[in-house]
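Note that the chains take the letters A, B and C in the order they are written out, and that residue 1 is the start of every chain.
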Amino acid sequence: MVFQKHLTFQTRGPGDMHDLTEEVTRIVQSSGIRSGLVQVFVVGSTGAVGTIEFEPGLQADLPETLNRLIPASREYGHERAWHDGNAHSHLQATLLGPDVTVPVRSSAPVLGTWQQIVFLECDTHPRERTLVVTVLG
Amino acid sequence: MVFQKHLTFQTRGPGDMHDLTEEVTRIVQSSGIRSGLVQVFVVGSTGAVGTIEFEPGLQADLPETLNRLIPASREYGHERAWHDGNAHSHLQATLLGPDVTVPVRSSAPVLGTWQQIVFLECDTHPRERTLVVTVLG
Amino acid sequence: MVFQKHLTFQTRGPGDMHDLTEEVTRIVQSSGIRSGLVQVFVVGSTGAVGTIEFEPGLQADLPETLNRLIPASREYGHERAWHDGNAHSHLQATLLGPDVTVPVRSSAPVLGTWQQIVFLECDTHPRERTLVVTVLG
């Protein structure tokens, strides 16, 4: 059985992190699927999906870490060609990845108490984002 | 068809890597599913799941690389709030990711000869870990 | 329902990136599955799969970024044991990950306009690569 829904929301710009856990849990519940997997995927190449403890410290630490490892200020081939200032956004998003898959049991995602499903905006400006949530079971 | 099992084990502390390939293979075999996917997920936000050649060199190299890129010694917002000394554990785990999915064919995970499914402890102390293995097919 | 196919191709050596989007789309279409997930997995521990905008700038930027973060020139335990010069290949591949999963809707992978499914060769020499594409729905 397959159940698929979209999530759309507005981000506030680079480093903006969204906790998707409640909405993903609601989608799993409305799917009627008791056991299986739920997958969350961002449509687009400058945003990332993953799991982390969603609290203000790590909300700042994760984008800061990515900016330290893959800074906006370096010379990138993407910049020389496109001049849109977001080569680092693409690279950060690819490194973190566009998707996460979480097991479903008893009609809910199986997560730790301090483990949330999040979206991270890696682009340089606020964007409207579309994610696809797919429940299989 | 969905088949789901838990794995629990004790880790010896930061950088402890566990080869899960045999147990995952056994779960796939006992599922009766011949073709599909097997997904491995760690419940909790300071451990990671992935694939690597499981040999003593890389067992040390991977946590050393993560500690070099995301060291324990930096100032993190998570530390200022929680003082539990494991901000880097969260960030390393998020970067590597909590899950991996491997194709199943002829009732076995399809892996390279030098490609194993592993769990990496990123936290600062030994922990009991729970992973969920889901076979879909 | 499960549909599984192999992709095999030759790479030209380290940093060689392949756009798999067309072939994955064709496999999804031939599966007859309208809605679900498609998963792409590299068999082997020195190649990586992900999504990125496939254009010449980022094709160079991604391997350069990985080489900067995890350089070939460092001392690695894997080298001391095996002397095959590719410890960094293993570590880069594990960091990026061997798999990506993309939602399927209307018999096609759901991707952004500038978001392609790619394979990146992280090994030190040209290789023949085998990937498994699994469609579930």
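Convention: a contact is a pair of C-beta atoms (placed from the backbone, for glycine too) under 8 Å apart; a residue touches a chain by one contact, two chains touch by 3 or more.
Model, not experiment: these values are computed from the prediction.
A.B. asks: To test your reading of the model: what rotation angle superimposes chain A on chain C by C-alpha positions, in degrees to the nearest 5?
C.D. replies: About 120 degrees, rounded to the nearest 5.
A.B. asks: Is it true that over half of the residue numbers where chain A touches chain B are used by both copies, so same, or is it different?
C.D. replies: Under half shared, hence different.
A.B. asks: In whole angstrom, what separates the CA-based centres of chain A and chain B?
C.D. replies: Here chain A and chain B have centroids separated by 19 Å.
A.B. asks: Of all the residues in chain C, which ones touch at least 2 other chains?
C.D. replies: Residues 69, 95, 97, 101, 136.
A.B. asks: Mind pulling up the chain B residues that touch chain A in the complex?
C.D. replies: 2, 4, 39, 41, 43-45, 69-70, 76-82, 87, 90-91, 94-95, 97-99, 101, 132, 134, 136
A.B. asks: Can you list the residues on chain B that touch chain C in the complex?
C.D. replies: 35-37, 50-53, 55-62, 64-65, 69, 95-97, 100-103, 105, 110-112, 114-115, 136-137
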